[in-house]
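Next come two complexes built around chain A: one with chain B, the other with chain C.
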Partner chain A sequence: MSEMKTAAYICSGCGLGDKLDIAQLGKIAQKEGKMALVREHAFLCNSEGVQMIRDDIEKEAVTHVCIAACSRRAKTDAFHFPTAAMTRANLREGVIWVVAEGSEHDEVRQEMADDYVRMGCAELKKMKLPQGNPNTTLQKNILVVGGGMSGLTAAFEAAEAGYEVVVVEKQAQLGGWANKLWKRVPFKAPYAEPQDTGVAELAAKVSAHPRIKVHLNSTVAETTGAPGRFKVKVAQESGAVAEETIGAIIQATGFAAYDIARLPELGGGQANVVDQAGLEALAQAANGGMLKRADGKEIKSVVFLQCAGQRDETGQHLPYCSGHCCATSIKQAMYFKDANPDTDTVVLYTDLRVPGMGEDFYRSAQEKGVIFTKGKTNRVEAAGDGCKVNFRDLILDEDASLDADLVVLATGQVPNAGVNLDAWDKVVAEADGGSEEGKQKKSAMQKISILNLSYRQGPDMPQFKHGFADSHFICFPYETRRTGIYAAGPVRRPMDMLQATEDATGAALKAIQAAENASLGRAAHPRSGDLSYPIVRLEGCTQCKRCTVECPFGAIDEDEKRFPVFNEQRCRRCGTCMGACPVRVISFENYSVDTVGNQIKAVEIPDEFSEKPRILILACENDAYPALDMAGLSRTVYSAFVRVIPVRCLGSVNTIWITDALNSGYDGVMMMGCKKGGDYQCHFVKGSELAGYRMSKIGDTLTGMGLEPERVSSFEVAITDNERVAKFINDYVAQLVEMGPSPMKGFG
Partner chain B sequence: MSPSIATNQTILVVGGGISGMTAALEAAECGKQAILVERNATLGGRTALMSRYFPKMCHPTCGLEINLRRLKGNRNVRVMTLAEVSNVAGQRGDYTVTLKLTPRYVNTNCTACGACAAAVEAEIPNPYEYGLSKTRAAYLPHSMAYPMHYVLDPSIIGTADAEKARAACKYDAIDLDMQAETVELKVGAIVWATGWKPYDAAKIQPYGYGRFANVITSLEFERLADPHGPTGGKLLRPSDGNEAKDIAFIQCAGSRDENHLRHCSRVCCMASLKQTHYVREAHGDSGKSTIYYIDIRVIDRLEDFYQKAQQDATVSFVKSKVAKIAEDKDGNPVLHGVDTEGYHRYATTHDLVVLAVGMEPETNGIKLPDDLLLDSSGFIEGSLSEGMCGAGAATSPLDVNRSVQSATAAALRAIQVVHKTSAAEGVK
Partner chain C sequence: MNDFNKQAVAPYHNNFLREVEERVEDGEWVKMCMQCGVCAGSCPLGNAWQHTPQKLFMMIRAGKREEVLSSDSMWMCTSCYNCIVRCPRKLPITHIMHGLAHYAHRQGMAPKGQPTREIARLFWNNLAKTGRVNELKFSLAMYFKDGFVQGIKNSLAMQGVGIGLIKAKRLNPMEILGGHKCKDKAGFRKMIAKAREIEERKLGNAS
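Then we have the complex of A and B:
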């Protein structure tokens, strides 16, 4: 790479020139920032200003650019110089828009701007333009685990987009759960009649597709590697093992029906009580004719009990709603009505849940004479030749009963998500501790594993609520915690077949994207396109394993000598490993212990008599930093004593930054991150939590330095908190002023 | 902007809400070229006007920030705002799309400094607050606007105010000579992420929306609950500005009704349950939320959100389709109907009524290409030629999570079209 040549560009537009001494900023950039080139411009983001910078890059061989103007979130189209490393000193949103108006604030306003220019230059000198991970990969094919409706859809859709696909199905034929169905709920207008599942045609298309290879009677015995270079051992029932090299993985392993044997009060276990799958079997046997019970009797009356073992508040059964079962019962009631309109069909429900166009299907059933009764079932007992359903009629508000030849229990979906990693961790700890029972439990768990990942974090995808391998995010349903591995269909959340096929198509896109990103050496969502990646100086590593343990994405393995092995293609570039590393050997080309540390050191600390405290703010770049920006946009005033540094995630905060700051005389440190806990909002899973945990450990260090623990403080800041964040700052500054200056001042 | 570089390998995404942004970005991050066109002055669509999302009670702007960052960092997506599709010609793999561009009167020199807004005097009902407040006629749509450029309302063009705005701008960003224009694009595939609109509540005559000040829609309630909204996050009722503590939520306002929308709008039950949180947060135990419903439809893992609301003593549920709303002498809405659980008649007074209005396709009333397949409510099922598809709430009344899921799938469908087009041309 060519020699580093730095340049700083200081804008005087947007009122910067009126509020700040621009010439002084230029001098600071030159003398203290040691910028080779310093230029001022009255309107840096216009075409002329931008051209000036471009010319310097091309003709003056400038490699590093510090833009001292507006926030890094503003004018990104203008300030786009792909061949140069760049920092942004935020003088507009970060200084003139938030510091109080009036000449009495001129001094602190200027000092704040001076520091941001110092910081921008200091950061720049430690930065390199990310070159991308040189270990790019070649594999772009997709492995689909599970050959049911979701898996077949994912496979077919990916293949139709031009990608090679490998399907692994544990059964002897493709089709999965859909094979058990006589018909499916309608999925297009007019939403009036049950429709063919189409699964046989889809299975045939998949089997015949030139880009799809199918392994039947097979399971995944082991998955190693990373996106773009997964190595997958496919174990066949016969004992043979095939090895596939894979770009990305879709887990479409579906669900099992909740076991009706666990619902004896609803008749589970009785001869004339079946679940929805049992009813489908009767319908398949009837082949469009009258449905008959197992004993051969024609069914003249049938009662469907909704939410059987679902929406349970007692803790005994499934707490959730499986979403599809109301429409499924409607469809099954139609099997009877279509074969013989005189059949008594009653659906007993508490809330009939047929959203969207399901409403038309519901109407169609009502027209066919299906009866819907709002009631809560107490007990199903065998009576005479059939069953008696005792229930509370919620409309008439009285106890009632129905006799039926057959009762159908609408039970819920239980995801086939493999090993629950929370349980896994405990079992591994027991097994590693030498416990025989632990070892047996571990081996039993390995047997139910689906992916058998060789990751330190466990063999399967992490599960969210109720055992589903769901994404935690509203806006990003495919934001997986195992890069390049996507769950699709009912394994991800309870869903009907229409949603499952939609979901599988989306998962196919994400898998393709993950493989494409790996092939280009860049990050996947949410830092998509980021070319930086963690670089480790292994000779300094003490094998403490904190990086491998704390990585939220399971990106880091350990070698035989217990050194960390970084799988860059699994990495999401959050920097959690960098924050964790006690010996600071992990860095990114444009984000490192030094790029931030240098900024912290660049700030000029006034002496203890100046009555000008300095507070460092480390702000999550996704929520807290935009909130601070928007405080600027709405001209919300906050203290000019703070100096803000955006961080990729609070998880990337290395405690050395905190101790360095306090050592050099800062009066306090504010850490601003996303909400933690059950409804966490951190896109790197546990940034705030980790930061909190690590800071709890430096209490002793603070005490040793003679500092009050309040000098380091954490705040949960949401992106909309622009007013709240200003209040946090002002209150904290007031608290520190009261506490008095840091005793460390002057020793730094 | 040079639309001429679009080719039959380009994917056009119509609509810049969360579904459109997602479809364009997902395709672009697979290496495809996408053009994202939005009729309004900013991306973000309806979700940008929501206060919070269920069930996490997190902020729509958080996801918007990530998506905007993806967009800023990706050169494969070109964004055109104030651009509306007026015609689609051609066929799968080879479309010619005509766009009508509306002038912003502000060019890309704009630094969002706000000097123009300070200079103009005219005020307009704020289109990004459903008209609940006023804004200057030179305005930034909202604090997450993209592009981060001001816009001049056409009503001031030709007036002294427009000149004042121009004079106030130091950066030559105000261009009063901008004209409407039409441009043509060549694209291979089209994703319709045209979203939804609230059913016109005034059509539900017995509920008195538009006649009674204290009957508002669920969307307007989102703005009231938003700390950045017209009331600073206070739940103030429109008639007298007093705090509304006893709030009724009427489900299926326009939905599941042969006279209005045939379909169930799916999201409204969760939306109202979410809004009871706003009431609780504002008033604690002294707040009161009453949900009038036919069925509570909170499917899959969202059930526990419902269970928590049932345990909340300030939230009650009445199984009833409200028959009509009247107004008492103090301007309080009085709800009349029958609680079908036990058949009790009621006439209940509340401070404020929130209508959980149904979702219908934004494109209802707009002529779409014949190739598109629509269901009986106007939602897009797909296209005959498979060269076009829907995404998000244009395809079904979907919540944000499922809209994004749908948009991700749509991105793949569009990629299939351009893939097959290039494969076919490779053979030639």
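Then we have the complex of A and C:
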């Protein structure tokens, strides 16, 4: 790499010139920041200002640029210099827009701006221009595991978008659940009649597609590698193994119906009680005519019991709602009404929920004369030639019963998500400990695994609530914690066929993105296009395994000597490994322990008599930093004693930054990250949780340093929290003022 | 009359709902109720009803024929139309209430002595005789509907109002002797008979 030449550009537009002493900022950049070149401009983001920077890069060989103007989130199109490393000192949103008006605040405002310029210059000197992951690949084809409605849709959509597709289906034919259905719920207006499933046509289109290869009677025996270079062994029933090289994977392995044998109180196991799949079989056998029971009797009355073994509060059955079952029962009641309007069809529900346009479908069933009764079923018993349903009528508030030839239980969807990784970890620990039983359990688990990933963190995707394959359900529903592997359809969350086809289309696009990004050596979501990647200095590594265990995306494997093996294509660049590493050997070219550490050290700490505390804010760049920017945008005033450093994720915060800051005399540290826990909003899923865990351990260190544990504090900040964030800051600053200056001042 | 009163009704099966659909004015709407309860919450007289419209609809589906038709609830409706305006499924609830009341009356199952039913009966009989409402006779019939002694008490209690009406020429005491009538009384009666015939045919009771 050529010689580093640094330059700082200080903008005086947007009111910066009125509120700040720009000449002083320039002096600081030159003298303290040691910038080779310092220029001021009245309107840096206009074409003239941008051209000035471009000219310097070209003619003056400037390689590193510090722009002291607005937030790094503003004017990104203007300040786009792909050949130079860049830092941004946030003087607008971070200083003049948030520091109180009036000349009495001039001093603290100027000090804040001075520090941000110092920090920008300090960061710049530790930065390198990211060169991109050199291990690029060109494999862009898509593997679809599961040939049901979701899988077929994903395969067809990806193929139509121009990508080669491989489909692996366990059964002898394509179609999955949809094959078992007589009709499906309508997708289009007027949402009145059950429709043909269309799965046969879709399967035929997939089978005949020139870009799709189908493996029937096959399972995935092993998956190694990373996006763009997955090696997948496809085991066929015959015992033969085909090997495919794959760009990205879509897991559309669907669901199984909850077993009605587990619902004996609702008649599960009785001859005249079936589940919804059982009724579809009867409808297929009737072929549009009167439906007959297994014993051949025509069905004159039928009762549908909703939420059978679902929304269960006792802990015995599924706690969740599967979403599709109300509409499915409505559809099935129509089978009877369409064959013979005199059939008694009762849907017994506690809450009828028909997502999407299902309300029209519900109304259509009412018009056909399906009776809907709000009631809670207590018991189903065999009676005479049929069943007797005992229930509580919730409208009339009385116990009631009704007789029917057939009872249909609307049971829920149980995802086919493979191995639960928490259980896997325990079994692996047992097996590694030499336990014979553990080894057996491990091999049994490998048999039920779907992807058989050879990843350090286990053979399948991590599961979220209730055994569904994880997805970032609040913000990015298609995203998973295994880069380049996307879950689609009911394996991800309970859903109906229309939702599954839409889900599959989305997953196909995500898979294409992942394969394309991998082939260009760039990161996938949420740092899509990022060229930096983790670089590890293995000679310093102590094989502590924290990075391999904590990586939220399972990107890091271990070699036989237990050194970490980074799979850059699997990495999302969150820096959680960097935050975890106790010996600090992991870094990115433009984001490292040093780039942040240098900023922390660059801040001038006033002495304990100045009554000017200094508080470091480490703010997650995904939500907290935008919230701070928006506080500026809305001119919400917060204390000028804080110094904000954006971080990729709170997970990337290395505790050395905290101890360094406190050692050098900061009075407190605020950590601002996304919501953690069950309904997390962390863009990297586990980052804020890991940060919370690490910070829970820092109290002892602080006490050891003779500091109050409150000097480090964590806050959950959502992107909409622009007003709350200012209150957090002001309250915390007030708390620290109350506490008095840090005893470490002057020792740094 | 028909034989519906003698048929057995199976709970939660179609029979009674079908009967209501076919025989009650606007009865075909009952199956469209989604049991949200907005009608029950909107009725200004809801507290006075034994069964709200929501419950009546559920009872019809549950096959509670006896209970529904002998209920006095639908007779309590004052036609304020709050429920119709608010029903998210657009059920003409007021009309269904009247339809149910009418049907119960014709089936001979409406509660005996229910005041609304009595007024309606007296009003109709009064009107159908001459084609005009004889207000004096109608008022007197109302006063005496619960017996002679009660009638005298009612009349004495109301005499001030009555005298006031006579003085203001709003009430003619001579009406007691037959009273005014429409021009073509025979034609009017024929018209009513025809209307009744058409209605019977519509309700499937044609003889």
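As a convention for this text, the second predicted complex is superposed on the first by the 729 of 748 C-alpha atoms of A that agree within 3 Å, B and C clash if a C-alpha of one lies under 4 Å from a C-alpha of the other, contacts with A are read in each partner's own complex, and residues count from 1 in each chain.
Criterion: a contact is a pair of C-beta atoms (placed from the backbone, for glycine too) under 8 Å apart; a residue touches a chain by one contact, two chains touch by 3 or more.
The model shown is predicted, which means the values in this text are computed figures rather than measured ones.
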item	value
Clash-or-fit label for the pair chain B, chain C on chain A	clash
First, second, both or neither for A:76, with chain B first and chain C second	first
A:696 touches, of chain B and chain C: first, second, both or neither?	neither
Which superposed partner A:46 touches (first chain B, second chain C, both, neither)	first
Which of chain B and chain C A:378 touches, first, second, both or neither	neither
Partner chain(s) touched by A:610 [first = chain B, second = chain C, both, neither]	neither
Partner chain(s) touched by A:735 [first = chain B, second = chain C, both, neither]	neither
Which of chain B and chain C A:395 touches, first, second, both or neither	both
Touched partner set for A:465, first chain B, second chain C, both or neither	first
Per-residue contact with chain A, leading partner among chain C and chain B	B
Partner chain in contact with A:316 - chain B first, chain C second, else both or neither	neither
Stretch of chain B, among 187-195, 331-339, 367-375 or 385-393, that runs into chain C once the two complexes are superposed	331-339
Chain B and chain C footprints on chain A, overlapping residues	352, 374, 395-396
Interfacial residue positions of chain A with respect to chain C in the complex	301, 342, 344, 346, 352, 362-363, 366-367, 369, 371-374, 393, 395-396, 400-403
Of chain A, residues touching chain B in the complex	13-15, 43, 45-46, 70, 74-77, 157-158, 160-162, 188-191, 311, 313, 319-323, 351-360, 374, 394-397, 465-466, 468, 470, 473-478, 493-495, 499, 502-503, 505-506, 508-510, 512-513, 516-517, 525-526, 528-529, 622-623, 626, 630, 633-634, 675, 679, 681, 683, 718-720, 722-723
Complex contacts: residues of chain B adjacent to chain A	18, 26, 29-31, 53, 55-67, 69-70, 72-74, 108-109, 111-113, 140, 143-144, 147-148, 170-171, 226-228, 256, 262-266, 295-304, 307, 319, 340-343, 373-377, 379, 381, 396-397, 400-402, 404-409, 411-413, 415-416, 419-420, 423
Residues on chain C engaged by chain A in the complex (per definition of touch)	10-14, 17, 31-32, 34-35, 54-55, 58-59, 61-62, 89
